Each structure stands twice: as structure tokens, then as C-alpha cells.
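Have a look at the structure that comes next, please.
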Amino acid sequence: MTAQEILESLKAKFGDAILDAKLEAMQPWISIAPDRMKDVAFFLRDDSFLQFDYMMCLSGVDYNDGRLGVVYHLFSMVHRHKIVLKAFCTKENPHVRSVSSVWGTANWHEREVFDMYGIIIDEHPDLRRLLMPDDWEGHPLRKDYKVPEFYNGMKVPY
Amino acid sequence: MIETKTLPTAYVTDPRAMRSSSGKTLRTDEMIINMGPQHPSTHGVLRLEIVVDGEIIVDVIPHIGYLHRCFEKHAEHMTNYQQVIPYCDRLDYCAAINDEHSYVLAVERMLKIELPERVEYIRVIMAELQRIASHLIAVGTFGIDAGAFTPFLYAFHDRELILSLFEMTCGARLLYNYFWIGGLSHDLPPQFVDKAKEFCTYFKPRIKEFNDLLTFNEIFVKRTANVGVLPKDVAINYACSGPMLRASGINWDLRRDDPYSVYHKIEWEPKIGKGEMGTVGDVWDRHIVRMREMEESVKIIEQALAALPAGNVQAAIPKRIRPDAGEIYARTETPRGELGFYIISDGSGTPYRVKGRAPAFVNLSVLPDISRGAMIADLVLIAGSVDIVLGQVDR
Amino acid sequence: MEAFQNLGFWGTLLVTVILSALPLVFILLYALVTIYLEMKVAAHVQDRLAYMRTGWHGVLQPIADFIKLLQKEDIISVAADRRLFILAPYVVFMGTYAAYAAIPFSSIFIGANIDLGAFFIIGISSLVVVGILMAGWASNNKWSIFGAVRSAAQMVSYEIPTALAVLIAVMITGSLNLQEVTKFQAGGIQNWLIFGGPLPLLQKILIAPFTVITFLILFVASLAEVNRTPFDLPEAESELVQGFFTEYSGMRWALFYVAEYANMFLVAGVAVALFLGGWESPFGSFLSGPIWGMFWFIIKGMVLVFVQIWLRWTLPRLRVDQLMYTSWKVLTPFLFVCIIAVGLILVL
């Protein structure tokens, strides 16, 4: 299926949850409302024409204009098509619904997004820091991140 | 710091209030054992918190992040895309060429560069040599986990020959900075083709010797058959890739199914696990898939050496690497699975965002699900069969 | 010994101490040689050279290792049970060393010519299990406890095949006294118990397959008794770091190590005495005599030790439940069949 057809079947089912799309990019993407992410994900995985059963990657992005985003790269092993989903949220209200019940791999990826960007993943079974130490302060991959002076009494920048 | 809503369920803070990650309160006869971060067999700094009932595992909670080196933050501060390549090397330090290949592929697709044939063929040769070297480490250390100390040294003997081939070409044995955006840093030296052919003829009987010593040994088979079975649907749902996926019976290889470089011009086929000694997707299958992939790689190298065209490997290297604003996700088949790079460019010469999707990171997340009900001795083998490299997991 | 009976109390005590120190001297010398042998065999199996620098081809390396271990710091973790921790290596070594009393090194040298020799050896070497449990528990380390409990289970289960195999040898010779068993096999290699012993030809041909199987099972069971690969799960390096002696360092660890090598020779020596003719020369009366006897015994023992080392570096290790399965469901039934067969053939 082409990106246009995927967008249309999504719009047909979810209408208002589809906020934006850019189909002429090298890898077309569709923007979904962050709190409806899980329902869209279930549909994408289970619908027989779409069958996106393989989530290639889940990344966080800081767009440097007050927005944070979570980008999902999906692939269908059955139909061999790809799609990119994006969920934008603001720095004041950084919440995105978890898709870890849809694709098991999202569990650790979402933990990493929380760790690096501070985006709170709602309904995640075990949301805690993954790569940084558990009592680290701050979210390192944000564009406005300042490296702390001290961590537990040790000087950080050297 | 933003407050989290849910308490960490498996993080042991108060021993008297321990809860296992499935939510039940612990019975009094379960023990929590800590394996790592320093341990002879966790293949790096990985900490596994194991909840055991006697010798049977109830739950495994991996803790990673001990080797986190802020690859993504560094990439955003480099002055150009070329400077990120040495950092990519160090993601999976056992298979550095394949890391570079993935990143360079992503940037070249963004720039829409047309590469000379010679560059593509050399890249395939190097990638397959690196695949053999990486699998040799994997099967060698796996033998040590099972208690057989000798195959490890046989594997490293052969790996030395491959590393000297690399040293001949680009001067480095382990971390190369060899693939550049649009070409290569050095062309092949004149004696490379003969030495590589020599290596291929030498290596084929060595695989058979290794198999006789370890793979088909009765004790080894008994240790690894029917252990750590990864079912097909779980594998796809957890986005496993590489030998883990193929061992579960799924005929999927990115070199054929999401093609890049010149793999479509070479005759080869991916190796699938068939459950010959036990169940499909058990630890033995992953091991034999790696052994057979090495044989397949030798075939690819021989064909690529025969078909190597002439040309200038630095002809297509752009003077200034400045992709248009946009983003791309590109993936290649590394020895451990699918390594993907998601690169966002903002039109300047510096990458805006580089995310490395590491296969070992994703494959490791399935470890708790495949090791429940196994014994501790099995857990060591299961973790070894996932073939993780912590550099990749933590980035 | 009759010559020493009228020396008085102190004289007898002195002589006893000196004579019982002789196997100790042997153990220490043998340990040095076997450490070197193990490293060299391991290296050549693995396609590399081992020590080459200390002395010619590294012969002085075991001495260098010994000196290094002597000068290490004695670390006992604060939470460990001090008394048991310190006592454990001695108990393990005692269990092995005491059994050397009944090993027939030669026709004139045996520590104690007990009529229950074989039974004594099997019994006293069980003391090693107690020592291992002490070491594992006193280390206050979960991995040590794992190793100790596995080891105890393993050693206790493999005593059964060992005892049954010894029983078969005893059935043929009619005595538990190891000197008697050795003398029974006099006259050359064809009289060794592994080939059936000095029995009439028909009985010998019928019995020989069973004694070969029994010898092999005795050898395998003795590998498990000494915690060597493929049965080295208690000290599985890949999982438990070093199993029950993870927390030991320096000379205490060296004592465990020497005890392990002493145990290796002990079980090899028992197998040699029972099945391979002990100190009897394989050529009958050529090259035999008291001193030659000691030479033959040690050579045969070292051959079996060499096979143990060879197996360690070739085979992977068995898992705990597979180990138990092998002992109880494979080796023991085979031995029962052998006992019945040997018994019937002897009676015929």
C-alpha cells in the first residue's frame, strides 16, 4: 500500500486523531495525536491490509521550538510497506500514550525516550530511567540541557 | 526532574517489600541474585537481577547503561557528518565495518549520491569479512559459556587472519574509520585480493573442524537444545533481527529483503533455523545459524573478489556534505541484526539528530521472556546466544 | 611394621610422623608437575604455547606461582564466618590426604595395610564434601553457596557408581585390601582386572567386556568426584566465577587447588590399583621389584591424570540436572547389570 492509501484508511477510522501528514518527503510521515497513539497502533498492527507487525525504531526528538516529538518507524513483514508516525507534544505537557502493549519492543525504547527527553509515557508498565543512573537529574538529549556540576559529590565536566 | 507516576516495580529498594515485576509479592523461598556488572560471562557490563526459586528462574531484570557514552549527543555537536563515523565504529566494536556501512548508507541516501561499482564491491567484501570475524567472537565466547575453552582459541586464531587483512587495507585492526560518505578512505592494496582468496580457502575446513569440536558434541547439544526457545510471533513483536530472528524460522534477511549495495548481484541465501536438534528457535539453532552464515559469507567474498571492477574509490566523495533538510531511516544487516540510523538534517553541515537503533538493544529486551522457567546455567547460555555487545546496547 | 615395634612411644610417634609425611612430599612434588602439565596440555590443545620464559619452556613457572601465592594478602571478608572459612581448606585437604594412607604405592610402601582398604578410601574421601559445604557457606556469597550445594549433590550422587565399580573389582579378587588386589593381578598385562584378571580363559573372555565397562564408568564417576569438566559445574568459571572458592585468595586458595590435584591422583590411583595392575609391571617379572613398583604405579597414575586433563580442555560441561540424570539413570543401572553378569560368570 502507498502512503496515501495508509493515510486514507487511517483518516477513515480515526478522523480527528490524524493531525498532519507529509507524504512527499523521502519517507512519508503522519502525525497522530499523542493520547490516541495506542488505538491507532492497535489498528495499524491488526488490520489485515496494513499489518504493521514490526516496529523498526522509536525515537524521541527535540525540535528546539518548544515541541518534543516521538517518532515511530513501522514496517510490515507481510506486505513489505513502511510508514513513519509522529506524535508531537509540548515541553509544558510532555505526555504520549504507550504502545508497549502493541509492540513489545516499544517497552525499552519508550524508557529511553523518557530518560533522554523527559517525555512521560502514560500507561507504561515500568517507566524508569534506562541508560542514565536512576537518580540522574535532567534529560540529556534535550537541546537546552545543561550538564550538571556535580553528581553525588563527583565533579561531572572535566 | 519530572516526577514519574508509576513506582519502579522491580527496583529493589527495601528487601522486606520486594515485588517481582509481575506484581506478585515474593514468596519467602525465592532468592534474588545479582549477576554482573562484572562477571565472566555477561559479555560486557550488563547487570542481570535474577529472581530464582532454587535453580529455576522466576524473573530476569536486565539493568543496562553502564557503557553509555552519549553517542547521540556527540553526533549533534560534530562539525560535519564525516566526523560521526568514528563514533559509529565504537557502537558495536566487534563489527565496526557494519556500523559504518549503516550510517554511511543513510547519509548517502539523503545526499542521493551514486557510488562507483568498485566502492560497492569493496564494501561488500569488507562487510562480509567483518561478519565472519564477529561471528567467530560470538561462537567462541559461547563455547566458553558452555564450558568448552578450546574452540574460543581456534576462533581467535582465524580472526587474527581477518584482522591482518583489515590492517593491510586501512591500517586499523578493530575500529577502522574506513567507509567514508561517498567512498572509502583507502583503496585496496595490490596483494589484498590474493590474500583474501587464500583466507577463504583456508577457512572453509576450519568451520567444519569447529563444528566437529563444539556444535555437534553430544554434551553441547544436550545443553543447548530446547533451551531459550523464541517463538516466531514473539520474535516479530519484539522486533528481533539477525540470527535471532532467522533461528526462529523466519526467512528474513535485510541484504535480500530490503536491499542495499550490490548484494542482489551475488548469489547467496540466508540461513534459517530448522530445529534440527530440538525446537525451532532454541539456543542451538542460533548457534548453527551463525556457523552457517560464516560459510555463506565466504561464498559472498569469493564471488565479490572475482567480480571486483576497477575504478577510483574516492571519485564520489563530496567536497561538502550538506544534505537538504529532511530525515531518513536506513538499516543494514549487521552480524547481530538490523542496525538502523534515523538521521534528521536541518540543512546545515551538522546533523540535527542521529539515533542509532542497535540490534543488541532490541534483542536483549526479549531476554526475560525467553528465560523464565530455565535454570541459571541455561540463562548464561541464553544470554550468550543473544550475542550482545554492550557498546551497542548502551551507545 | 615389625622392625619398629620396640622403639617405645616417642620413637614410634616419630617414625609414624615421618612415614606419613612421605605422601605429603609426594603430593607437593606431584602438584608442581601437574600444574605445569595442565598448562602445557591446555596450551597445545588450544593451538598455542604456554609458559616459555621462566626456565626452559617454563618449567620454573609453578615455583614462581607458588612464591606469588605465598606473598599475597590474606583477605577474609568481614561478613564471612571466620572459623569455618579458615577451617574449610584444611578439612578438604584432610579428606583427600587421609585416603592416601591406603594407596599401595609399592609392595613395600603402603601407609596402612588395612583389610578394608577400598572401603576406607571411599568413606574418608567423603570428608571433602563437608569441607566444600563449609567453604561455600562461610563465604557469605550467594554464588559460593550455589557452587557448594551443587558440589555436595554431585559428589554424593557419584559415590554410588564409584562404590559399585569398586565392588565389582572386589568380587573378582575377593578382598577389599588394595595390596591383595594388586598382588592378584601379578604376572603381566594380561592379568590386569580390566582384561578380566587371572581367571580361566572362558571366564576371562566372558568377563572382560564387563570389566572394561566398569573401568570406564569408574573413571567417569571419579571425574565427577574431583569436580573436573565435564562435571565441573560447582566451579563453573563462566557462571559462578569460581564457585565455592570464589572468596578465597592466596595460600588458602592454593590449598584448595592442591587438594583438587591430590584428589585427582587419588582417584586415578584407586582406578589403577583396582583395574590396571597397581604397582605390578606389565611385563610380568621383567622390570619388577619394589622400586620399579613405585615407578609403574606413578606412571600409570599420571597417564590417567593426563587423560583427565585432556578431557577438561576438550568437552563442554554438563548442567546440574543432566549430571544427576547421568549418575542415577545411566551409570548406576549399567553397573547393576555388570554386577549381576560378573557374579553369574564367577559362579559358573
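Letters A, B and C mark the chains in the order given here, with residues in each chain numbered from 1 onward.
Going forward, contacts are C-beta pairs under 8 Å (C-beta built on N, C-alpha and C of every residue); 3 or more make two chains touch, one makes a residue touch a chain.
Keep in mind that what you see is a predicted model, and the values were worked out from it rather than measured.
A.B. asks: Using the touch rule from the top, point out the two chains with the most contacting C-beta pairs.
C.D. replies: If you count contacting C-beta pairs, the leading pair is A-B.
A.B. asks: Find the chain most remote from chain B, comparing centres computed as mean CA coordinates.
C.D. replies: So the chain farthest away from chain B turns out to be C.
A.B. asks: Averaging over Cα atoms per chain, report the distance between chain A and chain C in Å.
C.D. replies: For chain A versus chain C, the centre distance works out to 63 Å.
A.B. asks: From the mean C-alpha coordinate of chain A to that of chain B, what's the distance rounded to whole Å?
C.D. replies: 24
A.B. asks: Quick one: report the Å distance separating chain B from chain C, using the average Cα coordinate of each chain.
C.D. replies: 45
A.B. asks: Within the complex, which stretch of chain B touches chain A?
C.D. replies: 1-2, 4-6, 8-11, 21, 64-65, 68, 70, 72-73, 109-110, 234, 236-239, 250, 252, 257, 326-329, 331, 338, 340, 342, 344, 353, 355, 357, 361-362, 365-366, 369, 394-395
A.B. asks: For the complex, give me every residue of chain A touching chain B.
C.D. replies: 25-27, 53-57, 59, 61-62, 71, 73, 77, 80, 84, 94, 103-105, 107-108, 114, 116, 118, 120, 122, 124-134, 137-141
A.B. asks: Help me check something: in the complex, which residues belonging to chain B touch chain C?
C.D. replies: 31, 33-34, 39-41, 55, 143-150, 153-154, 157, 213-214, 217, 219-220, 222-223, 375-378, 380
A.B. asks: Touching residues of chain C toward chain B in the complex: what are they?
C.D. replies: Going through chain C, the ones touching chain B are 42, 45-48, 142-143, 146, 229-230, 232-233, 236-239, 241, 313-322.
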